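Handing you a structure now.
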């Protein structure tokens, strides 16, 4: 299968290249970068030595890219995918967008939170949280790949919301992310000497993954869900941990909570249930497409606390994108995604 | 002033030594360690070279220790302070206990959470969260120094609870701690290769700092406060960040929240208010006795989110202990505690 | 191919399991651990969830282990392999020992540096630095897998020594290793709070990899090579960087140095030459079987400086062991070893 | 004493501010920053909250700065000090330059290595490696503060060179530095996700601290010293470790080596000798002005290996600058420099 990547030198692009190198059906035909057009990918990322020998081209060649490809991954900043997607689908090719442009059913929500006009409102994109929307993904032509915080949060909360076990106005997601989530762009906050041995919250009440989580949970709830979402920056490279709080509805038992998770995820390869009392750790998922989930019922307060962990660059980005590609093209969903977590 | 430390080789003991070395009134007369009795403190901690040249003695010499000292700091595991405190106070000397043994007014709460019988129920200890209980601290003979998570959480929430601005059954504290909080004892979880690049929650619903936070907040509230407290282990050495959530009572304005913090803390040197919208970062407090606080009002959900940051070994342990000592002995409260945070 | 691992719960054992999970010909039949006999490998290493479901057995079952296996990997502390190897080879099965017991042609060198009697002097083991001894590896029944520092140092220096370009009494190897090289055993030195943000040398003049490097280089030199080898502990998990110094013989040109490296390694997949002026970085090899090499000629001092980088747990241990297995069993040498470095 | 700092927002400037806050004689009167003129230092470095409340001014006000100060610290990139120094000394005030502009007795060496014309050749600056040149420092008007690598290397090697114990053409310094040494400027190499878990050498044969080390050692040797100096970037914030190799002259005993160090440094407070067989660790010096030194005699190879450790921002920059200030103004040399290392 012929694959191209628009925006191959950002961290998400790098991860797509890393994962696709082990995908037996994948052939990477074009990779683009507007800043480093003409460079060999090895000069940008020397760890690809003896693996990739490919020259970066420009989005100006997008027609050629689309013609030569079966599917194009877009790993660009939000606001930049819409024109590209029109061109690629115009050539009859499928697109997987790893940014936010196609994640919202209601494009006015996108416009409000991202401050960018949406120019492709009739796109009919499918939201690709694979485990929850697999049937739709199979037929997707434009696939909106979810955000990293979003994937961790929605996977943790959906069984509770769908089964009506929690008060939907009581949900709080306290999320923690490794620094790679901020991407490759330079910034004082991510300068080594200032980022290490440090810890802080940011964007309280205003992070753009909030409405994305609310949209998905609302789809499974009987009412509109509004949540608190607080992201934190953790001094490590990879990993997201979402600690999710909700008030159990009166009379809901711990066993009902257990059943909700087991019945929802037991047959999913990429979801590893650690059970009630289980403690996911980001390290156990590092470099892999797994999402680990554990939950706790606190009788003193009547709350359920769900903790989920995943690798923000894999299940939270490039891995899930490849998982969606596998589904879209009728391949075994696990193809190229069986890399063992790099615990050490 | 003559000072001794029981349990000088743990991390809390080490920090006491570090801080007291810069305290102009302090003279360290005895330091004890049961594992390393007879060793020079320099052989245990070579960074004290050219600073301390002192031999570790044993608790078996506690009578001598007490006689030679004006105050004894106890930095032992919980359950080990009670006998020592009786001996020391029997010599008419003051004690500052950095463990949990004297933190609970109701000793049955201690016995329930710590699974140890309390053998000194009539101790009349004072709970030393200095900014909140300064008047009592002045007259303390037995000072119970608060826990690290506790200090961060109580300082963050007290202005809201005291002013009746939040629903006291809605409080959730999602706390994150550097690994030094777990002490010097060896454990697979804190082995470098497994602790770095990792993140997890632990003791959900069961951490022993929970009832300590509840006790202090209940004192300022009009009713019994029951909270959710979730600790997390962060791959860094020092620092605690507490992200605290509570539902604002109907009609409470953002300005009322601001006023509560400013009126409560504006004259406190060790509390730095970053204001509404402020983001504390643990790095800004590292090695110092500061606690930084910022708060956020989320109108979408009606919640207030307070974030506090401090150094778990300083304001969360040894620094606050010295602050309490200064108050107990009528010295300037800042003495020996003006070390600038080691940002880098 | 049926494979067993003696000592599967140490870091080297864990890496063998990680790598073999992606090896299309490998089937892991037995794994042993004397401390955790009877436990599921998932309870020891939860990151193997959904990948391995295997119970740890004991070395007491070694006869069964040997009978059921085509090859047995031994990942035990030095001194423990010799009895096991005799048993396994007694069953006509091949052995790959990742420890030091079979690395020395002259067993008295082993006995001198390791302070253990050698009880299997007629073993006829092959030293498995694959790129240098491939022909012998093909026919090995007992394969002595090299040490991590050793692999980095020997690969860096062999082209110079073999071509007679440097004074063999002038060689200094200043090596730096991530902390995983010290294994899973608990020790104050590797306790997170003490290992992070720290840097030190250790075992100067006495590290056991010294005679191993000298043995291999001497084989390629016209005389006995004696070197200085200084290991350092670096606050990171994976990676070795060896900075090697030698005096160029009079008249040797920079181009001769270049030729020595290119002619020696140009066709090797796992050796990536970065050329004269190139700077290997451990991150570029992380999780992979690559060794990256760059070199520098300093005309001011007449010295050549060679820098090599590799992952101590892969090319420096488990990866090279699998590479040797592939060669020993006539498989493509790259099988199961094409994992892309985890740069992030 | 009135002190100003030109370039107060770089890491060296920040450290000067940190140290001077605890210096009982110091009053900081002006701080400058060309990028952030007009800002409060607290908005640049919030950890200075409740400590400094000062507005950054510009070098355009240098006349006022000089008039108001007894001494001016210059913490600017090389090439920028010379004009400023002329202005400040023109006002009769002393200067301590933390950059390279005044470090070379032979300004043509500066011009060759730094590629900048030297415009102040008759400056009569004193090279401020305090322990070695204390008498000259007392009378300095322009003080050239040494580099970080330089201080570690020169302190390690001087006793050997001065006593003629080693072959001066055999010296190799393999040095390792924390990332703060690269300063606050943004660069992909120091981006958290790329700098952590990484290790590499750089500037082999060409680092500008090379001629500075050679100049100082040559002063103590009977001949011109030419060395190899290899710097490495270590994934930690603070600390330099220099591993120095030299061939002992025939007949030199280990005891002579011991004597050289002890007689040279035994009365120095900031030099802590760990003795023969001692292993300095950067963590033991963190945040302090100490330099720890240990040495090893390898009889197999006839070499001596000296290891020194210090904090690159303190003894390697701001701390030594304050030490020099103390000497220049006749104060106790330890004033303001007794901060205990922050081991944790």
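The chains carry the letters A, B, C and D, assigned in the order they are written, with residues numbered from 1 in each.
Throughout what follows, a residue touches a chain if its C-beta (ideal position, glycine included) is under 8 Å from a C-beta of that chain, and two chains touch if they have at least 3 such contacts.
Since the structure is predicted, the reported quantities are computational estimates derived from the model, not experimental observations.
Here B-D and B-C are compared, and the pair linked by more C-beta contacts is B-D.
Interface repeat of C-D: among A-D, A-C or A-B, the matching pair is A-B, sharing over half of the residue-numbered contact pairs. Centre-to-centre separation of chain B and chain C, using mean CA positions: 46 Å.
If you average the CA atoms of chain B and of chain D, the two centres end up 37 Å from each other. Each of residues 11, 180, 193, 196-197, 235-238, 281, 283, 286, 343-344 in chain C touches at least two other chains.
Every residue of chain A that touches chain B in the complex is listed here, in rising order: 169, 172, 174, 176, 178, 193-194, 196-202, 204-205, 226-228, 230, 232, 234-239, 241, 243, 245, 279-283, 286, 296, 298, 300-301, 303, 305, 307, 309, 343-344. Interface residues of chain B, counted against chain C in their complex, comprise 11, 179-180, 184, 186-188, 190-193, 195-197, 235-237.
Within the complex formed with chain B, the chain D residues making contact are 11, 14-15, 17-18, 21-22, 45-51, 180, 197, 237-238, 269, 272, 274, 281, 283-288, 290, 292, 313, 338-344.
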